[in-house]
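Below are two complexes that have chain A in common, paired first with chain B and then with chain C.
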Partner chain A sequence: MMDFGFSLSKSSTLNLDTADLSLYKKLCELSPDARTCMACGSCSATCTAGPFSGMSVRKVILDLQRGRDVKAMVQGCMLCGKCIMVCPRGINTRNLILNLCKIYDR
Partner chain B sequence: MIDRIPSGFHPFVLPFMIGMVFVLLYCAYGIVKIMIQLTAEDRKKFLISLVTPKTLLKNIKDIFCDCLLHVKLWKRNKMLGFMHSSIAFGWFMLIVLGHIEVILFIPERLHTFYYPIFFNYFVAENDATVAGSLLFFLMDFFLLLVLTGIALAIVKRIRSRIFGMRRTTRHSLINHIGMYALWAIFPLRLLAEGFTAHISGGSFLTIPLNWVFRQFLGNDLNMLPTWWAYSIALGVFMVVLPFSRFMHIPAEMMLIPMRNAGLKIRGARKGFARVQVYSCPNCGVCIDACPMSVSKANIKDCTVYLTRQIRRGNEKRIAEISDKCLLCGKCEALCQVGVEGPQLRVMQRSLRKYALEPDYSNIAVEPLVEAASGSKVLYFSGCMSQLTPEIGRSVESVLRKAGVDFTWMDRDGGLCCGRPMATAGRLDAARAIVEKNEKIILGSGADTLLVSCPICYKMFRESYDLPGVRVVHYSQYFSGLVKLGQLKLEKSDICYVYHDPCELGRGCGIYEEPRRLIGLSAAIAEADKTREESVCCGGSLGSLSLSFEQRRKITQGALDNLYTSHADAIATACPLCKATFARYSDRPVRDLAEIIDAQSTGYKQTER
Partner chain C sequence: MIYQGKQKIWSDYQKEIPDDNWYYVRSCIRQNFFPASEKMFTEITRNVLGKDVYETPFHTTCGGIAYHCDTIPQETVMTIVARQFALMTEAGYENYCPSCITSFGNYAEILETWHEFPELEAKIREDLWKACKREFKKPKYLAHSSDLIYHWRNEIADKARYRLVDKETGEPLKIVEHIGCHYAKMFPHKAVGGAEYPYVLAGMVESWGGQVIDYPERRHCCGYGFRQYHVKANRGYSISNTHKKFESMEPYHPDAIITNCPGCPYFLDRWQYVIAEQTGKTYGRGGYGIPVLTYEELAGIVLGYDPWDLGLQLHQVAVEPLLDKIGIEYDPKAKYLGLNKEDLLRPELPTVLKCC
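Moving on to the complex of A and B:
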C-alpha cells in the first residue's frame, strides 16, 4: 500500500442492534447510578490508574453502553476513590467498579 | 450446720444439672473447634502464652477486671458499670461463697455440682458460729447486690436514656428468653432461701423475709416449688446460653487470653474471629458510637448486628452490613469487649469472589524509582492529596524553609498506597500495589519516608516491609523540626478546632503532635466528641455502599460535633477529611500543613 504519511483511523461506527449491551444492563441493575453519568470526565482527570492503564470511569461507562470491551481499563483501577470524590452526580464509582468486576463475563 | 437430706439429692436439682452439663459440654466442644481452626503458628503462640507466667497473670487480672468488675465500663458509664459488675461480680461471689460453705461445713458433698448452689435447701442450722453467720451475711449481701443489678437491668430495658444510651439493641426471641430467665433466677433464689431460712438459717434479707412469710403461711408447702422454680430458671438460662448473647460469658474468657497472646483475626468466620463474634454481649454501645447511626436506616448496620448476623449465618445481611461501614474504628475504640468490628468486616469482604481481578503488571517501576531517588527524605503525598494540592505544596514549602533536602515521590502522580484496595477486601490486589511501592521506596535509597495522608501512613506502618526506612507522619516530623529549632512557629489569633482523622487518631494513635503544632501556631478548641471518640467525616473509603446522600448526613453530623467548639475554622490532617468537610462546612477547613506553612519561618530566615 502506498505510504501517504498518514493513515485512516478505524471506523468507530456503532451498530446498536448488534452490540452486546448485556453487561451494561446487568451493571445498571446492581449500580443504577451508572445511568446518571453525564460523561463530564472529572473522574478521568483525577484517576490514579489513568496514566498507567488508560482507566477512566467515564470511558468504562461509555464503552459499556456501546458494547465494547473494558477489561484492561478496569483491571488497572486501584480503588483509590478519587473518582467518587469528584463526581458531580454523586455516583458511587468504586462500588460500580466492584460490581462490574463481580459480573464481568467476557 | 448439718446435712438435712440423708441422700444428699432431690430431683429439683435436675434442671440445673442438665443445663450445667449441657453448657460445659458445649463449651468444651467450642474450645476444641476453635483450637483446630487456629493456624498452627497461632495455636502454638496461644498455648505458650497460657503457660508463660507473665501472660498468665495478665489473663487472670484482665478476666477479673473486665468480665467481673467491668472496670472499663465503669470508666465510660457509671450506671452501666455498676449494673454489669453487680450482676457479674455478685453472682461470682455467690458461687465462690457457696463453695466455701460446703468446704467448711459438709466437705464430703463437694463432689456434687449442685451443693454450693442449693446449699440452703440441703442443710439445717444446729448451732450458730461466727464463720457461719458471716458467710450467711455475705451471701445475703451479694444476693442483694445482684438483685440491685437486675433491677437496674429491667429499668434499662424500659428506659435506656437513664443510662445515657439513646438507643439500645433490639433483641431476638432467644435473647429475650435468656434475659427473662436471668432476671428470674435471683428473685427466685431469694424466695427459695426465704422460705427455707427458719431451717437453714439466713441473714438480714432471708430471715426477715422468712418471718413475714410465716406470719400468714403456716406451713412449708411453698418451699419445694420455689426451689424447683429456681432450679428451672437456672436450667433454662444455661440451655439457651449457647444460642443467645449470654454466650459472651464463656467466650470472653477465651477472647482475653487469645488477645493477650497477640493473636490477630485471620479468617472471616473461624478461630479468633469466631471468638470475637461470640464475645459480643449485644450491649449496644456501638450503636450510639457509630457515625452511620445519624440515619435511622443505618442503625441495623452497626457492629452489634454484624456479630448477630454472623452467628445466624445470614449471608445477605452480612454482606450488606460489611459493605456499608466506614471502617472508622469508633465502635472498636468504644467496645468494652474489644470486638474488632472494622477488621471483621474487611475479612467478610475478602470472602467475595470476583470474575475480574486487577492486573498491574504493565506498570513499570523503574521510571518511578528514578523520580524518587536523590535524597534521604522521601515525601509521599498520596493520591488523594491530588484533590487537595495545597497540602503537598504546604509540606514542600515548610520543608524548604526548614532546609530539609527531600524528594517528592509522587509529585507528578504515583501509585495508590493500596489501603483502599485492602479495605475492600481484595487483599491480593492490595499486595500487588504494596510490592510495587516497596520497590520504589527501597530503590530510592531514602531512609525516611514522610507521609502526609493518614490513610497511606497507616498502610505504610502496618502492611509494608521497609527495612531501614523510618515512616513518619508530617505532624511528627514537623514537631521534630520545631524541637530542633529548624522551624519557628508564630501564633495567629484564629481559633481552630482540630478534627482527629480516623486513620491518624484511632488508626495510628497520633493525637498529641497535631494539637501541639496547632497550639503553637493558633488558638485551639476542642469539640464535644474528640480523640478516640472523634466522628468520621463521612468521606471514608472504608465504605463501599454508602450513597452520596447518606454520606452527606454523616458529614453534617460530624460538622455539628465540630461546631460545638465555636471555633473560627476547622483544622484536620487528612486530604480526604479536608475535601469532605470543605464541601458542606460553613467555616474554613484547613490542613495542619497549611496552618504551619502560614505561621512558620525557617531557621535560615530567622537568623538573618
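Moving on to the complex of A and C:
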C-alpha cells in the first residue's frame, strides 16, 4: 500500500431509504425536544464522561437519526446533567438519555 | 423518492436564462485540471450554436478561493468582483457567465449582499474608483456556464453525432450527475432546480439520451472543500468524503460521472487512483475506474469531437471503456500526441487502477 501521508476513514455512507429509524422515532415520542437539536456540540464539549467513556449526546442524536445503535455510548453517561445547562435549545438531555435507557430496557 | 414531487420542485426553481450575448469569465483552476473544457465551451457556443460569447484577457481571479480559505476579507473580494463587473460594463454586456462554481456562488452572494446592504455597495463603488478609476453596472442576469449548456441542451442534442446509449444493447447509459456545492446550496433560487433537486446536469444527460442515477449520497460534497484539501493534514477528510460517495454509487454501476464544478471532476477522478492504491478497490468494471467528465467534455463527446482534442487523455481514469460503449471512433495511438502531433510521452501507470 502506498503511503500518501494521509489515510482513509471508514465510509459513513447513509441510505435513508433502508436505515432503521425506529429507535429515533420512539425516542422522539418520549422526548419530543430531541427534534430541536441542531448538533452544535455544546453538550459534548461540556461532558465530563465523554473523554473517558466516548459518550457524546450530540453523536447519540446524530447516530439515532442515521439508524445506528448507540447502546454502548449511552452506557457511558453519568447522568450528571451538565449538558442540560449548556444546551442553547433547552433540551432536557438527561431525560433524553434516561428515556433512551428505558427503550433499551424494554 | 416521489417523481411528481421532484417535478414540482424543479418547476418552482426555473431560472430565466437569456439566449444570447454573454460575458464569459474563466476559472482560475479549470484550465490546469481539464484544460480543454473552457476551450470547448467557447467552441460549442460560438461555432456550433452561433452565440455571442465574449471574454477578455484582463479578467482576473474573483477571489473566491482566498475568501473561502479565510485569507482575505469579503470587502476585498467585493472590490475584485466590482472590477470584473466594470470590465463587463466597458465591453457592453449585461449577462455575466462565470465558468467556475465557486465564482458563481461568490457573485451570487455579493449581489445578494449588495441588495440587502446598499451602503456596502456604495462603499465598494468608491473603493473601486479609488483603486482603478472604474465604474460598473451590476449584471442583469447571472448564470453559470453549465446553465447555458443546459439552456441550449436540446440544440446540442439536435446537432449531436452520438447519443448516451450503449451501442450494443441500445440501453441508456447510467450517469451520475454531481453538482458543485456552491452552485445551489448557498442560494437555491439562483440554481436550475434548487438545492435539493438541481436539474442543470440531469437535464443535459436526459436530453442527450442517458439515464440519471439517483443514489443515497447524491448531494454529498465531492470532498474537495478548500480547507480540507489544501492542508495536507486534512486530506484524509477530503478523500474520505469522496470514498463515501463512491461507496454509495457503486451498487448502481454508473458508466460515467458528469460534474459542473472545477474541483469536483478533479477530485472524483484523481482520488479514485489514491483510493485504489490505499484499499485495492476500483469502482468501474474490469479494474477500471468510473470516468469523470465535465459537462463541456460530455457535450463535445456527443457532438463528435475527437476525444483527444477534448483533453480526455488528461484524466486519471481511462475513458476508453466509455467511448467504446457509446461507439465513438478514436485513434488510440493519438492519445498522447500534442496539438503539433509531437509525442507527449506516456504517464507512469498506477499499480491497481487499470488504465489503457
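Keep in mind that, in the parts below, the second predicted complex is superposed on the first by the 97 of 106 C-alpha atoms of A that agree within 3 Å, B and C clash if a C-alpha of one lies under 4 Å from a C-alpha of the other, contacts with A are read in each partner's own complex, and residues count from 1 in each chain.
Note that in this section a contact is a pair of C-beta atoms (placed from the backbone, for glycine too) under 8 Å apart; a residue touches a chain by one contact, two chains touch by 3 or more.
Source: prediction; values computed, not measured.
Contacts of A:9 after superposition: chain C is touched, whereas chain B is not reached. Applying the stated contact rule after C-alpha superposition, one finds that A:32 touches neither chain B nor chain C. When the two structures are aligned on the shared chain, A:104 is found in touch with chain B, with no touch to chain C. Of the two partner chains placed by superposition, only chain B is touched by A:82; chain C is not. By the touch criterion defined above, A:54 lies against neither chain B nor chain C after alignment on the C-alpha atoms of chain A.
Within the superposed three-chain model, A:17 lies in touch with chain C and out of touch with chain B [touch as defined at top].
In the three-chain superposition model, chain A touches chain B and chain C at no common residue.
Those residues of chain C that touch chain A in the complex are listed here as 216-217, 232-237, 239-240, 243-244, 247-248, 274-275, 277-280, 351. Contact residues of chain A toward chain B in the complex are 46, 48, 51-53, 71, 74-82, 85-86, 90-92, 94-95, 98, 100-105.
Residues 323, 352-360, 362-363, 383-384, 386-387, 413-416, 418, 420-421, 424, 426, 433, 539, 541, 544-549, 576, 579-580 of chain B touch chain A in their complex. Residues of chain A touching chain C in their complex: 1-2, 4-9, 11-17.
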